[in-house]
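To start, the structure under review is shown below, and the notes come after it.
So that you can tell them apart, the chains are marked A, B and C in the order they are listed, and the count of residues begins at 1 in each.
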Amino acid sequence: MRGLNKYFSIAKASLEVIFVYRAGFAFNMIGTVFYVVAMFYLWQTIFLGKPGALGGFTWPEMKAYLIVAFILNSTMTWFDEWQMGADIREGRVATDLARPIDFQLKRFAEATGPVPFELVSALGIGAVVAVVFGGIALPADPVHLALFIVSAALATLLKFAIIYCVSMVAFWTTGMEGVSNGRMAVQNIFSGALIPLVFFPDWLRGFASVLPFQGMISTPALTYLGAMDGPTTAFMIGTQAVWVVGLMLFGRLLWRSAIKAVTINGG
Amino acid sequence: MAARLRRARWLVYIYFRCLGQQMKAILAYEADFVILMISAGLVQITGLLFIWTVFLRIPDINGWTFWQVVMMYSLIFITEGVGSLFFEGTWRVSRLVYNGNFDQMLLRPVSPIVQVLAADVGFNGLGNIVTGGVLMLIALGNVQVQWTPGRLLMLVILIISAATIRVAINLATSASAFWIRTPWSMVPMFVHQLGEFAKYPITIYSMAVQAVVVVAIPFAFVSFFPTAYLFNIESWSAIGLLTPLVAVYCMFMAVWIFQVGLRRYESTGH
Amino acid sequence: MPLIEARGLTKKFRQAVKEPGLAGSLKHFFTRQYKDKVAVDHIDLSVEAGESVAYLGPNGAGKSTTIKMLTGILVPTSGSLIVDGLVPHEKRQQNARKMGVVFGQRTQLWWDIPVIESFNLARDMYEIPAARYKANLAEFTELLGLAEFMNIPAGKVSLGQRMRADLCMALLHEPKLLYLDEPTIGLDIAVKDSIRKFIHRLVEERGTTVMLTTHDLGDIEDICNRIVIIDSGKIIHDGGLAALKDNYARDRVIHFQLARPPASMDPICAGLPACDLHANGLSLSVRFDRFEFAAGEIAAAVMPHVEVIDFRIDEPEVEDLIRRVYLGQLSLAAPEPTADTPESAVAAEV
């Protein structure tokens, strides 16, 4: 267990960096709220024009979905593919190899450090938006709330795992901006961040269901709302867990082969 | 007067010279600008996918139909692309000032604004222009419009005006670097995200929001009003004619704000 | 009519006085307190065309602030400043045409494009006539040895190469004024030497006025004929380099290398009364006032008593002198000692 101490200090250091840049961080976060607010207005207009539910969502439920999506999207934003590219370019990967530190765990520690800060900020902002727009649906019941927390945690882990895997591309390209944007675009559709997956036509829906992204937003949000029955909820959360484990392992595999390729070729 | 025109033409020449060199430099070592362009396209496609999915369930948004909203999107894509491809330099100002490298520009006998505008090239802009352009053509094909030469000319003017407004906003916010020192473009990014509101008809927003995007930071003139004019929607169409004036006004404001910022920079030292 | 005329030039910076931590930030939010820092304090400076002036001072003395005002990128708080008939900060771009700038730590070249393209851009920005551009480029390329890296981006060349390219870039448009800020910093001796020679030649042949700030006194010796020293915003010395050396840097040192350690120092000391002698094994050093003795006299006094294999002469150490000025150990405002009282030079030291 003593070996884990160093990861805790890495996480703490990461959190401290955010704190130093808290003004910039706050600005960034408020900037992302504009998107959410625009969504709120859009859906409000749509729901006002149509009595009853849309896609199985009532207006309060839709609002809850959007806020949950916002909060989940706001966590682990400090971690992205750029870092990996920078690390490689500036030789930090080489030095890390010489250290008794697990690269994936290290990145995980760095990514998780700021999460409490991000979470608190997002909750605060989310609460304000929710209140301004007349309140959101509450969790279906305490069981679902508990399940939601589990699902949300898994969603965050999943986010890390996916970004970690994608960032391995850094070993083969020079600029990560395009890769990162591409991943975010794909993630936005298939996670349900843009719009609940239920709105998609069947073929797209089917495609989304075999991808890991839905575990990032859709599953936790629907769990919160109690929109799925017991077995389905369990299945979806289980799927999240499987993807987390699978992608974490895949990431380690990618790392090992990348390092092998790099050390063979030198530099 | 003639001297001023000559000077203006020379400045445009210098701008293209600098921009051209930047393009060459970036093309030389940004091997994956193809990825950049593709990912830009992907981002736009996901935005489209969203609005298309929404319209599967509803006939219109406050009276605006699918293709009209798509037209708005296309204007946003195109103007964003133009900004990235030709005027990406505004995003560099914060870092230049922060690292003390901005003085370089002041020591040359060329307007710092021209140098700033030419300072960088974002090839993702090319992807945006292409997707936006294609989208616009499709949208125009799907909406009944009485095309006259006047209307066509107006279309071109509106696109140029919309792009100008975008660039002006970027330039103005980049001047924040002269007041707030950060290594990244904090204020420009913040304001840029207000552009989210430009994607949908502004009638869905509260009065406060409408006031912001119409008067304060006129994103509404990038997509909403030009589209309203072109497709003769409601009573807004007349306001769409104001777009070129708004563009000129924004550009003047942006240059003025930048110069105020410059004066501050030169007084307070660095 | 001087090229640069500064009268009572002053620059004050307002600095916010803020206590550290969150409490300090809050307090500052409500009761703003400012402290004025005077970086440049009512200086008078006159530079004629064709002069080459070394502008020295300890760090934080106000050197770069002055240069920034001269180049027009900083607005003075008060006082008047005219450079070639213009007020620099009011006519910044016009002023820029008449000057060339080489700031050692930063480059005027574009980072990512080949050096030659930077030059071409400069040609366009300064509107240099094509024929003049070609002639100047050819001359500077040859003199500074630029041909070998002309097509390499500035970001990829060595520091020495970059400095030479910067120098070329600064001069392509034949400016009347050349500002050099630490132009040889971090360079090796050979490159320093070629740059100094180049600038010296520039002054001689083209009459370019040079203003040089540096910590390297080798730069000064080779290029400048006038030294202006600034400290805490005030000019504390303004005069010729030769006069400075004559008055305050009077010591030379001859180091003799001997075949055998001297049997006794007495006879040597007897022959050199006012001198400082130092013996260490096989070497013997004699420090003497160069106005009092000629090097030959010293040698003649030493050689009868010891077998000299080799010797070398150290010139007046201006570096040491300047350092002592910076440290406040030597006040240049002290009355100038006359040639036959070397003791007074020592007395001026605090």
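Here is the rule we go by: a residue touches a chain if its C-beta (ideal position, glycine included) is under 8 Å from a C-beta of that chain, and two chains touch if they have at least 3 such contacts.
All figures in this text were calculated on a predicted structure; none of them were measured in a lab.
S.K.: So how do the chains connect up here, line, ring, star, complete, or something else (other)?
M.R.: line
S.K.: Which one of the chains is farthest from chain C, going by Cα centres?
M.R.: Taking each chain's C-alpha mean as its centre, the farthest from chain C is A.
S.K.: Could you tell me the distance, in whole angstrom, between the mean C-alpha positions of chain A and chain B?
M.R.: The answer is 29 Å.
S.K.: Would you mind pulling out the distance in Å between where the CA atoms of chain B average out and where those of chain C do?
M.R.: Centres of chain B and chain C (C-alpha means) sit 48 Å apart.
S.K.: At what distance in angstrom does the C-alpha mean of chain C lie from that of chain A?
M.R.: 57
S.K.: Among the residues of chain C, pick out those that touch two or more other chains and give their numbers.
M.R.: none
S.K.: Name the residues of chain B that each touch 2 or more other chains.
M.R.: Those would be 29.
S.K.: Taking the complex as given, what residues does chain B use to touch chain C?
M.R.: The touching residues are 10, 13-14, 17-18, 21-22, 24-26, 28-29, 100-101, 103-104, 106-111, 263, 266-269.
S.K.: Under the touch definition given earlier, write down the residues of chain B that touch chain A in their complex.
M.R.: 29-33, 35-40, 42-43, 45-46, 49-50, 53-54, 56-58, 61-62, 124, 182, 184, 186-187, 189-190, 192-194, 196-197, 199-200, 204-206, 209
S.K.: Mind pulling up the chain C residues that touch chain B in the complex?
M.R.: 11, 13-14, 39, 65, 68, 71-75, 89, 92-94, 96-97, 101, 106-108, 110, 112-113, 117, 121, 124-127, 153
S.K.: Help me check something: in the complex, which residues belonging to chain A touch chain B?
M.R.: Chain A residues touching chain B: 24, 27-28, 30-32, 34-35, 37-38, 41-42, 44-46, 49-50, 54-55, 173-175, 177-182, 184-186, 188-189, 194-195, 199-201.
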